[in-house]
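Think of it as A, B, C, D, E, F, G and H in the order they're written, each chain with its own count starting at 1.
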Amino acid sequence: MDSTELRDLLEEYRTGRVTVDAVLQRFGDPPVADLGFAHVDLHRRQRCGFPEVIFCEGKSGEWIEGVVRKLAEAGQDCLATRVNAEQAEHLARQFPLGEQDRLGRTFWLPAGTREPPSGRVIVITAGTSDLPVAQEAVVTARALGCHVDLLADVGVAGIHRLLRHRDQFSQADAIVVVAGMDGALPSVVGGLVDCPVVAVPTSIGYGAAFGGLAPLLTMLNSCSAGVVVVNIDSGFKGGYVAALIARGARKQPSS
Amino acid sequence: MDSTELRDLLEEYRTGRVTVDAVLQRFGDPPVADLGFAHVDLHRRQRCGFPEVIFCEGKSGEWIEGVVRKLAEAGQDCLATRVNAEQAEHLARQFPLGEQDRLGRTFWLPAGTREPPSGRVIVITAGTSDLPVAQEAVVTARALGCHVDLLADVGVAGIHRLLRHRDQFSQADAIVVVAGMDGALPSVVGGLVDCPVVAVPTSIGYGAAFGGLAPLLTMLNSCSAGVVVVNIDSGFKGGYVAALIARGARKQPSS
Amino acid sequence: MDSTELRDLLEEYRTGRVTVDAVLQRFGDPPVADLGFAHVDLHRRQRCGFPEVIFCEGKSGEWIEGVVRKLAEAGQDCLATRVNAEQAEHLARQFPLGEQDRLGRTFWLPAGTREPPSGRVIVITAGTSDLPVAQEAVVTARALGCHVDLLADVGVAGIHRLLRHRDQFSQADAIVVVAGMDGALPSVVGGLVDCPVVAVPTSIGYGAAFGGLAPLLTMLNSCSAGVVVVNIDSGFKGGYVAALIARGARKQPSS
Amino acid sequence: MDSTELRDLLEEYRTGRVTVDAVLQRFGDPPVADLGFAHVDLHRRQRCGFPEVIFCEGKSGEWIEGVVRKLAEAGQDCLATRVNAEQAEHLARQFPLGEQDRLGRTFWLPAGTREPPSGRVIVITAGTSDLPVAQEAVVTARALGCHVDLLADVGVAGIHRLLRHRDQFSQADAIVVVAGMDGALPSVVGGLVDCPVVAVPTSIGYGAAFGGLAPLLTMLNSCSAGVVVVNIDSGFKGGYVAALIARGARKQPSS
Amino acid sequence: MDSTELRDLLEEYRTGRVTVDAVLQRFGDPPVADLGFAHVDLHRRQRCGFPEVIFCEGKSGEWIEGVVRKLAEAGQDCLATRVNAEQAEHLARQFPLGEQDRLGRTFWLPAGTREPPSGRVIVITAGTSDLPVAQEAVVTARALGCHVDLLADVGVAGIHRLLRHRDQFSQADAIVVVAGMDGALPSVVGGLVDCPVVAVPTSIGYGAAFGGLAPLLTMLNSCSAGVVVVNIDSGFKGGYVAALIARGARKQPSS
Amino acid sequence: MDSTELRDLLEEYRTGRVTVDAVLQRFGDPPVADLGFAHVDLHRRQRCGFPEVIFCEGKSGEWIEGVVRKLAEAGQDCLATRVNAEQAEHLARQFPLGEQDRLGRTFWLPAGTREPPSGRVIVITAGTSDLPVAQEAVVTARALGCHVDLLADVGVAGIHRLLRHRDQFSQADAIVVVAGMDGALPSVVGGLVDCPVVAVPTSIGYGAAFGGLAPLLTMLNSCSAGVVVVNIDSGFKGGYVAALIARGARKQPSS
Amino acid sequence: MDSTELRDLLEEYRTGRVTVDAVLQRFGDPPVADLGFAHVDLHRRQRCGFPEVIFCEGKSGEWIEGVVRKLAEAGQDCLATRVNAEQAEHLARQFPLGEQDRLGRTFWLPAGTREPPSGRVIVITAGTSDLPVAQEAVVTARALGCHVDLLADVGVAGIHRLLRHRDQFSQADAIVVVAGMDGALPSVVGGLVDCPVVAVPTSIGYGAAFGGLAPLLTMLNSCSAGVVVVNIDSGFKGGYVAALIARGARKQPSS
Amino acid sequence: MDSTELRDLLEEYRTGRVTVDAVLQRFGDPPVADLGFAHVDLHRRQRCGFPEVIFCEGKSGEWIEGVVRKLAEAGQDCLATRVNAEQAEHLARQFPLGEQDRLGRTFWLPAGTREPPSGRVIVITAGTSDLPVAQEAVVTARALGCHVDLLADVGVAGIHRLLRHRDQFSQADAIVVVAGMDGALPSVVGGLVDCPVVAVPTSIGYGAAFGGLAPLLTMLNSCSAGVVVVNIDSGFKGGYVAALIARGARKQPSS
């Protein structure tokens, strides 16, 4: 809002055409819930299109419960990731309606009825061991409202396993590729499609994978131009960004 | 194509309903131009939506010229990046119509007339020293057919410089954020918008930036869920993926 | 003490104007308690303004107890950090008056009455998972005699959560910012205040945080000039230095 | 400003007790000069106590000149660092009154008369090769208004060289220690004083110093609690933060 | 040779059935030429199947010349690698019959006539920029006596470029794959053939390739079991080992 | 298959000289078994000379069992590696005929009778602690049909332990050298033989071995030209590639 | 032994002046005990002055027992390091006369009576947490026959703790300095003495110590010329080399 | 000096038995020459047995000249290392009697006549390219007064080159081994001798040597117990410590 707009608004207020509350809404801070141990960002859904998501590592069950409760009270969807067994049990007791996915280690408590899915995301894994990370991506992209399919264990050591599904994944609006070890799969997928490929390195592999560093570097250096990268083992971010892209591709263009 | 479809196609061919050329088109290899020193992928435009782009580092002027010529003969747009002074001079002599951008070190030789831009990309830099990388992103996203704006030097040490442009960049379909040093800007931008943010780390900074490693790690660890990362100093990939996303957001949805 | 002063002192001694003990005090070693497994530096309070602090990792409960006892006997405050559950239990049995903070993992046994707090430190965390490290900073800065406030979970993904507290933290004499993941918060805070910001990286985050390396590098490369950095997860050092700064700012200037 | 204050201000405006300009000043953006290639943060002096400082790497002489001119027009001090020979020559032609320090590679153009120095900073180097970085710290801390002394080449291999100056540096409000190779000096200095020690690692040394990584890690792991660290070779930050601390220690305490 | 064999040999010598020279040959040291600055291993051809190869980095032209001369005098083939322009000129003057390859930076001076090639090696590159390293492999494998073909620029971003040559490279006895950037090509090739694949990472690429570290790690983590790795940019070793394997595959098996 | 061959095949089909199944075999996808959590590559044996091998880390016993069953049904040998105790127990219950090696952590279920071994592999270890990795290599190379010998604990600190076995290992077609700590053994072995040496670094050693990084780098930098490297602790790959080489050396040469 | 000496020896043998056994002793291999899982180097005492030492990590109790037994049978001293609790118990049962040190995790079984200590070693630690590593050094240097003293917890944060013992450690023939965190102590000690200082980095410290990498680099970059470095946490090597040096300094010089 | 000794000394002074100068010598600071840019440690020869050595990197010719002059005036030997061409020329003009070694890049200006060499050092290199670093070691050890021999290019790829010189180097009091690439030579040498081996890694090699990191780690992890390590390319330290050890071994033992 530039200076002229501000002057106009104030003039409208001074002359009674707009209320003080309307002015305050323009200048006031966005809503935040201060719980002492957390400032829940109740405005994020409006800014970013999805509510704040709870990363559970290093938090007590009570802390997580507090944030879930605050989001639910505000009528917002609630997604939590990296939920360990103890936290899962605590949440199950407090929120029996929440959906828990043990493979992906997620907790999901949607608010009210949901719109039909929009945008098509495909999650592909190089190996079977990559499945937990991939499942986190699947749950996340579904939470953001996309249609999601999973294609498991089609790594480049047997490239025909991938190529036979080419018709399927080339229809996607966005593709998440989850791979450990050499992390070569996103480059191959990226060379076959015209949508962005979100590469998720995993920490699966022998010693020189260095906890996911190897596939991370592979993906960052992908010779396919449409490949972007997120953090190691972050199925969450992979699914989140793919959903953002896919939803964007399906909304009515504004121009 | 599965086994049943194959049988049907062959039966149609045997009975004369489809020609041998039609069958061959289904099975034949995609077009490639073998120049000895390069296999130009003339099929990439069809698969990936944009022709092969020439990365010029470590190549002789003659090699680059050969690929440009082959792409041009095939009626395809030709973009080259990381063009050094000697290569630029060579290309200028051979292709006087090519557009060269010395800040972004690019060469651009479009084929035929171009459609009006579609999709809106904003390229933001944290500092002035990041401009060459940002300019590579600008040229690339424009080559892919997007409308692109540049917003320079709005790093987080003076956060109001960024916030005052919020109305502008929150309208984008995709945002490229180019930053060296602490690489903190993409996290802040990502928390303000509902479109994907493609973060490009640069090698600008003091010693502990380790040639771009520091902002690379910052960006991979971004606490904003919509941030994805490409290679250090790769303005090209930043612009490319942002354009893929923005174009997707503006095409008529298929369902 | 230069050569002339030495000569004067010796002359005074020779002529009986100063005692041999006075001379010895000038040349003698500062006090040390040798326990075999430790040389307790009983002189540190005089040199550095605060007694030696006990880092408990890798030490037996008996070793820690021995140092605590020696400091207490010397009438000095005793702070211990990184106290694990077993050590805490041992200390509780031996020193029931000691204050234990289980979140920050500290043990605190002050000597005698304390002066009112002087200097104002604010400890800010990016996320809720950073709280244990932040709490170590809080306890430490209070032990050094400062007034300390804690502001939790105001990371840059929702920058308004921070900005709304701007009036509060811009009054501080020193600010400790504790952050994992991208470690971007200190740069933003540093751009808003005129006091030093002590950044403490934490080991919280996904794989590419590499145990705190990512936020450490972010903070070292901060584009805000007033940001300094301490070791990963070292809430102790963050609180210690912030308190040194804040105490300095409140003492009567000597010139 | 909280909601109640906002309502009061608006009521005062509505009833004519404050002008529209006064309201706008509260809500309006801080001043910024947009030069296309840079957004000069003209508000930083007010927020952070010192104007924006120009980091010259990767910038053309014209870009630097533009920012200098804008700061000077705004009546603000102008400090530029990492000025290479070509840039220095350009600036010398444009601003003959600017002070250039070739050892420290700085450019300094103060605005108007200066107050007498306040606060005492000591800059110590481990070796002679560390002098350029140390000089950058000296120039910066003087620009911020402190009294600065330099103590060169007193590394720990001959510890008596340091100890003999102990009376001098123990009077400082803040100490900058610049060291390459093993980076051990800050730990020793930190154990002798009661003020903060800002450690600046340099890239001086044999192969396993890895461009300053070795002293950087040494300093981060300092066993002296009062040691904080800035970026490799960043004499600028070392001097800046030390000056912030020293100025704070000399201003009249507010409570 | 075990103790019994030794006794028998000595007994044969004592009784005059073998000469003292025969005994000495069993016990004597293998031949070495000591040039002061080098100990030329004239026995390596016998042990390892190929003479010592000269790595030229960091050596004067005279030093290299000395070793070449000593090998030639001993009637052995002479291969030198990493020959820079100055060294090449020196060698050309001294050994006009030597063959120099400027792309691969090699010098090759064979001794006497050569046997017809045996064993089939294919050298594949991911990109055109990888050609200098690949050419070093080609020259080396040919020097070891293999038939060598080169297949350039068939990286995984356009996988059909590789697949169309599948009949050709699946006939090889050993394959060298040279790739920078993501280094993904060896995994794909390894999944298509039943001979070993020797992967050579190159230092070509954007910043996060870290001088070849990225493709090196990719290749070490290859999900294809038949992939082994050599040093970054070491076309020499790639060609050498591939030739060892290919020669082995073509020699008459002993059982 | 090029275009002419394709036309000929189709003409033969059209005129009834080849059946539709013959054509389909040329064009159809290779066999794959899709289990949902895995795409078993049943075609790998034909392409690469050995069936897919199961890497068990991060997989449930049921997942592994499913793949074993599918391979067995297809009449293929089944090798699984990195089998932990729980998985081993599960497999033992399901496949009592499978051979388990607890030192090498392998599971081996061959299909039908086996041919006599062909090709000679020697596995050498530097120390006793390297035995588990070496045993994985032994089992793997035997599964691929080679004759394998093991030579343990002959590291370079007592070089005579190695030299006394020189006659034995110089007869090998391929040698696997397994070493942690300094990883120096492969260079010494490589200088004594004329066959390839496959070096396997292990994670055994003191702190600066960094989990196998030290011997990995040593081996990559081996001054012996015939040394290639595989992943840290990957006895599997060491044995696999050595067997590929040894089998190749013993098969009847085709030319 | 050069060629002339060999001829002479053989001539002497042929003419009966030396026996066949004498000749064999010259040519025969040094003694080795092959246990299958280990080749015990029974010759090392003769070559290196001390028998082979057993590194116990990753070995079964039976394996260790086998080597101990073999060394004892050969009348050699037996030292084992990194003995865990289970191994210690096993060894205690088998060799009740062995001396076990639980702090240093060593096992020591001397053969026969021992000579009086020769050479003086001092082991110094920076902190109390470094004691286990230091104790391994103490036990080792004593096993090699030196007089050893331990000086604990005299790190540089309180430099007077070290300086007061200066008379003591400046008499040493070799000094071992054990330090984690900043690893600064060896540089200070090295600047005070004229004997070599063997620096042993430990893995003690906060996050940015990176498991001992920080003090390792510090020590390698020591500005004191007499400092050498061994592996992280390798008290064994520290004690071993210091004892070699100290023993050398006390033996009767040969010239 | 403990408290009782101090009292005695003072009493002797008071009663006139010792002069004030004698007391001052006990308490006074060691001699230092403050040149502004350097504090020359004129006391180091007394403490450490050899004067301060000048490391020339990053210093002006004038600075170096100043220190040389000060040392010469104090009648001390002067050794300078890492002397580049420009500095060498400057020193040659100022000190025509100084000895310059261009291969080792050293400057050497001894003070007065020298004693005959004592102690025997052998410097061994793995390759010819390691000679410059080795030569720095040779010059340094000679400056410290040892007898030094050089044995070049006997790396482990041809182990017989080393073994044939075994009689020679097993007589040494200390051995310096200089090696790049795999850095394996020190382990082999260390297994053959009973004196300490000082390993010096060099930055020679292919990409994965990472500027000397590979041989550095190899050497730190040496399986030979008598191997210690100094900084990359630091021939100076290698020669310095070896000379300390060798001199110690030849001086008359005190007990």
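A few notes on this one:
By our rule, a contact is a pair of C-beta atoms (placed from the backbone, for glycine too) under 8 Å apart; a residue touches a chain by one contact, two chains touch by 3 or more.
All values derive from a computational prediction rather than experimental measurement.
Think of each touching pair as a link: the shortest run of links from subunit E to subunit F has 1 of them. In summary, the chains found to touch both subunit G and subunit H are C, D, E, F.
With chains reduced to the mean position of their C-alpha atoms, the one farthest from subunit G is B. Averaging C-alpha coordinates per chain and comparing to subunit C, the farthest chain turns out to be E. Centre-to-centre separation between subunit A and subunit B, using Cα means, comes to 24 Å.
Centre-to-centre separation of subunit A and subunit E, using mean CA positions: 49 Å. For the pair subunit F and subunit G, the distance between C-alpha centroids works out to 39 Å. The multi-chain contact residues of subunit F, meaning those touching 2 or more other chains, are 44, 47, 127, 157-158, 190-192, 205-206, 208-210, 213, 216, 220-221, 224-225, 231-232. All chain pairs that touch, listed by label, are A-B, A-C, A-D, A-E, A-F, B-C, B-D, B-E, B-F, C-D, C-G, C-H, D-G, D-H, E-F, E-G, E-H, F-G, F-H, G-H. Contacts from subunit A toward subunit D in the complex involve residues 3, 6-7, 10-11, 13-14, 20, 23-24, 27-28. Here subunit E touches subunit F in the complex through residues 1, 44, 47-50, 53, 167, 173, 190-196, 198, 216, 220-221, 224-232, 236-237, 240-241, 244-245, 248-253, 255, going by the rule given at the top.
Those residues of subunit G that touch subunit F in the shared complex are 29-30, 32, 36-39, 41, 43-44, 47, 52, 55, 57-59, 63, 67, 201, 203, 211-213, 216, 231-234. Residues 126-127, 155-159, 180-184, 187-188, 190-192, 205-206, 208-210, 213-215, 217-225 of subunit H touch subunit F in their complex.
Taken in their complex, subunit E has these residues touching subunit B: 127-129, 131-132, 152-154, 157-158, 160-161, 163-164, 204-210.
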